[in-house]
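So the structure is just underneath, and the comments pick up after that.
Order as written gives the chain letters A, B, C and D; numbering starts at 1 within each chain.
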Amino acid sequence: MSPVAPTGTAPTGIGLVGAGRIGSSHARLIATRVPNARLVAVADVRPGAASALAGPLGAIGHTDVGELLADPEVEAVVVTAVTEAHAGLVEAAAHAGKGVFCEKPAGLSLAEIDRGIAATTEAGVAFQVGFNRRFAAEFAAARAAVDAGRVGTPQLLRSLTRDPGLVDPAGVPPWTIFLLTLIHDFDTLLFLNPGAEPVSVYAVADALVAPGFKDAGLLDTAVVTIRFDNGALATAEASFSATYGYDVRGEVFGSGGRLEIGGGPRRQLAISDADGRHVDTPRGDTELFPEAYAGELAEFAAAVREGRAPAVTGHDARRALSIALSCIASVRSGGPVDPAVVAATIDGRVR
Amino acid sequence: MSPVAPTGTAPTGIGLVGAGRIGSSHARLIATRVPNARLVAVADVRPGAASALAGPLGAIGHTDVGELLADPEVEAVVVTAVTEAHAGLVEAAAHAGKGVFCEKPAGLSLAEIDRGIAATTEAGVAFQVGFNRRFAAEFAAARAAVDAGRVGTPQLLRSLTRDPGLVDPAGVPPWTIFLLTLIHDFDTLLFLNPGAEPVSVYAVADALVAPGFKDAGLLDTAVVTIRFDNGALATAEASFSATYGYDVRGEVFGSGGRLEIGGGPRRQLAISDADGRHVDTPRGDTELFPEAYAGELAEFAAAVREGRAPAVTGHDARRALSIALSCIASVRSGGPVDPAVVAATIDGRVR
Amino acid sequence: MSPVAPTGTAPTGIGLVGAGRIGSSHARLIATRVPNARLVAVADVRPGAASALAGPLGAIGHTDVGELLADPEVEAVVVTAVTEAHAGLVEAAAHAGKGVFCEKPAGLSLAEIDRGIAATTEAGVAFQVGFNRRFAAEFAAARAAVDAGRVGTPQLLRSLTRDPGLVDPAGVPPWTIFLLTLIHDFDTLLFLNPGAEPVSVYAVADALVAPGFKDAGLLDTAVVTIRFDNGALATAEASFSATYGYDVRGEVFGSGGRLEIGGGPRRQLAISDADGRHVDTPRGDTELFPEAYAGELAEFAAAVREGRAPAVTGHDARRALSIALSCIASVRSGGPVDPAVVAATIDGRVR
Amino acid sequence: MSPVAPTGTAPTGIGLVGAGRIGSSHARLIATRVPNARLVAVADVRPGAASALAGPLGAIGHTDVGELLADPEVEAVVVTAVTEAHAGLVEAAAHAGKGVFCEKPAGLSLAEIDRGIAATTEAGVAFQVGFNRRFAAEFAAARAAVDAGRVGTPQLLRSLTRDPGLVDPAGVPPWTIFLLTLIHDFDTLLFLNPGAEPVSVYAVADALVAPGFKDAGLLDTAVVTIRFDNGALATAEASFSATYGYDVRGEVFGSGGRLEIGGGPRRQLAISDADGRHVDTPRGDTELFPEAYAGELAEFAAAVREGRAPAVTGHDARRALSIALSCIASVRSGGPVDPAVVAATIDGRVR
């Protein structure tokens, strides 16, 4: 549920940078489903793209992000540009004194994220990263159950993402499966095993869906094993080609019981016919947990208004990226790696 | 999903009459979750009740409904007053030239509903009744599946409502189980068996939860059998004391298959412990299908703005009430009744 | 689970009368899945039918049931002949001093069942009727849960049977839906509402699957409402044409909770593909609860060996038939009937 | 389903060696649920143990296994002795000319299994290993679905075993989690990814349930990643302390869809009360898939009678053990290992 804005409090003015698929979705949510936020402006370097999105939503379009950042009605920025531009935009927003919500990953190196953390800290503005699953009702309730001790000490965890279809293998940059897809699962595992740090990461990955693109660096199927400092063992798993729909699931097995997240339909409708009993499954990420996307944006708008840190911070972005980078190191070395060692040795972008 | 208001179109100004439980819920939804509606005013005869609700939501409180109806910013009225006042308020709103959304039942006699239909028709304003299940994702999808022929011709239908608790038996007027509770199920059966009319209704009911109140006319458990003119046989069932939560389910069995609605959790979280595998169930009606309540109000605001008939009309209110009245006639006579005969012979309120 | 025969105890010698579909199924079960029973002989008036079934199972075939009854190795008789012959065979078996298991219904009039009860009582032999659902794991566990007070006092019950296909409408005698199909549901409702007696029965039925056979007396869709003397209200429902498989379900709603029986697959295998998530459903009655058929025969063999009454008796046969006959009376009269009045006035076969 | 023994074919005479928990379970199944097998004798070195089990089941007890092997009525041997004795008994049975069914693992080194394969091959007798999951309805149906191409090419697989309780950590020998528990999952993964061979195995394991026994070599929690030569990536996971019951599940994700095995109850009974909706979960391995234990024994009896190889052979035992040994090597080395290399270098028992 989006929070009710206190009466007399104006919605937070939002400027959104990047009018692509997820940017368009966020812009529409802000305009229609996030009562404590107001879409003020959209920027996109492609001529006309920002206006086409912003116009029908009552906002202004820019091709120059500088104009958006200069708009005093823009109190905070939502970054949905291409991945490579994320870190620079976080810093630019911070320097303009705006809070910033950045789609994951918030950078392609730990150094980039550290600069984003430093810039937003110095500017005293909010810095949130788009780990939306934390705002899905199931994952939030699972964490609450862990906190309440319902499953005891976590011992085995699992998180998986299976995307319904790899549309254009040629357009997928190397390591996307770790940096953009599994990074959600890494955050989920950190979220559901609170306080624990990874001590060992082992990743295997292959191009099973589009083998012809393996030489170009595309990996479309991966399994990751993570060992945490509280003893818990976790697996994360992803594929880019789930024929049956968007499949996101989680599991926490502990000394006192087990939590299962996902795996069934949210809509309680089943059809039985001569072929058995069927339930639909969602096909898109924005369709899977609709409240999660509105929820993370509402949290961001509220944090900006209230001058406090949001529920998911740059530090969370850094922790998840550290695991993703460790996966890349593991695939390269063929064995398990220690994330602390990886962090100390990798300081540039991996792609 | 609430519809996106076209840019440049102002939200519909709403005046809400009756600041009780459901009125408060509707008022909060309008203020925070229905972008195409705006809460302008609340009226309640109890001193302070309207202001207490309206104030924090940025609206005006009245004790005199006449003042609310006289406010030009109030374009449409939501009636959530006590049941006995529904029909009069529908007429008053129509006479003031306002569209009207009325909680179910829209009247306690067919004549009352007929007057509401006549008044709103004459005034050329929208008249919607609060059959919210039509706006729940599952029921809407079930109807779409019926329309698409997924289950063939409906032959057996079922709709049930089990409320989690009878708080105050003394406060429940006679025939409530038919007029206020099962009326939802009657509308659901009409909705899922489109075009069919009931030709026979048989009801059995008893006071099993609070037997001490049976003499006062309280019936808390009921089973109804309805025969439709397309041959379909339907059952509706209600109880006022489901220990395990709010339980609303539907089923359509047809020549080509079966549809099941409800019966499981919407939230995909299961906890397994030494006592087995558990899933939570919702405990309140406004918790069961949250989108349904926002959805019906958004539809009403849109119908008012667009000057068209809403998706659920006074005629639907009349059809469901006709079955509820037939149930009362059946319990009184001890046998099945023909709704057409009941309609022709009962012209006053049944309570 | 079939009981383990005590060491040194010979399996009960069984003679089976009627080598049709269910007879063949029972014969094979006795020969292979019921360790405490031994198939000695099969009788069927159709030349060759008994031998064809008995031979491969190591038993003797007869065309004359008298020879089977005269065989001293036949300690007990399983009656799976045509319905019209049931009652006469029960009496004949009793007069021959054999315990008798009779497929449902054990007679087509209360008088027939009374004669069977009298004959078996006089002969001091077991008399069991084929209400197999009592031996299905789910229904047995549901009764245990009711007995343990897990749902409090039963208030609303439901039992339904949907058969996957009406193969030959012309071959279905009148009232089959009540006498052969719903009689299972009537027994289930009596089983799950222990100690209660029906005080009112109302039935509606129609020929929706094969309308052309309605004039010949075939009803293929029915809904029955039963009121019990403990206040509980029950519905039973049947159809002869479930496209999606054999569907048997039950429900007990009580003052303390709810029991659901059936509705899902027993085999834990789900397949997800581009059309959603699918689970198989069983298509035949002997496939639905396989342990129930072996279980009822093992109980019969044990009761005969131990000289005690079986778990389901002629009295249970009588109680369920009384409800079936009341349904027929209700359909004929168009209103609810009192089973006690029906029992007092109907003394011949209804077909 | 147990197969029907052809008429005139005597059940296979079975001698069982080892009257412990699983031996007692198998003996009772043979005596009561496996029509094509007959329990002739039981041997156990502990005085009285064999007779106590055999007597009530109509079989003979021995303390000397040589006497059992010398009994001409014993046509085949079921080995349920302590793990360390498995391999020697397989050879002894083969030398006595008896077919042999051996509980898993069939040896503690590849050399031992090779000797068992050689001895049974030379003697021309059946050699089956107790990978019972292949006989569970779900797993058998899953393999059939894979064979039928329902999920396309397997890309991601999972198999897990969670045991409800570690009763006596002190009594658990080192590496049990791989050699006795996960060996089921390794066989399952080989079974569901037919024709594929493992090329890399990585295992992490810890003592999370009983940390005090870690120094003694007890590992109670493990996660294994296996890479197959057809590209498929698999995880296997085990824990010795599932509070909620015996949890066995499998999953096959492929280019065409997904198969899920397990995860729900087999018994279709749900109870809803004030704490939500509950279903029971089985607590013991022999309770989880009862037909699987009878099924594997019936298959063995049939293979012996028909003089053919059983459905699960010594070669299957060798393949699964090879993965288990690779896990041990992986835990020792801290990195992934190649099973072919492990097989070439480890030739003695690992414990």
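Keep in mind that, in the parts below, a contact is a pair of C-beta atoms (placed from the backbone, for glycine too) under 8 Å apart; a residue touches a chain by one contact, two chains touch by 3 or more.
Please read all numbers here as calculations on a predicted model, not as lab measurements.
Following the contact convention of this document, A, B is the list of chains adjacent to both chain C and chain D. Least step count on the touch graph, chain B to chain C: 1. Of all chains, the one whose CA centroid is most distant from that of chain B is D. Centroids built from CA atoms put chain D at 57 Å from chain B. Separation between the centroids of chain A and chain D, computed from CA atoms only, is 42 Å. In chain C, 243-244, 247, 256-258, 260, 263-265, 272-274 are the positions where the chain touches two or more neighbouring chains simultaneously. Put simply, chain A touches chain D in their complex at residues 152-153, 155-156, 162, 200, 202, 204, 206, 208-209, 221-223, 225, 227, 231-235, 237, 239, 241-244, 247, 253, 255-258, 260, 263, 334-336. Residues of chain B touching chain D in their complex: 243-245, 247, 264-265, 272-281.
By the touch criterion given at the top, residues 1-2, 4-5, 7-8, 28, 31-33, 35, 55-58, 137-138, 141-142, 145, 150-151, 256-274, 290 of chain A touch chain B in their complex.
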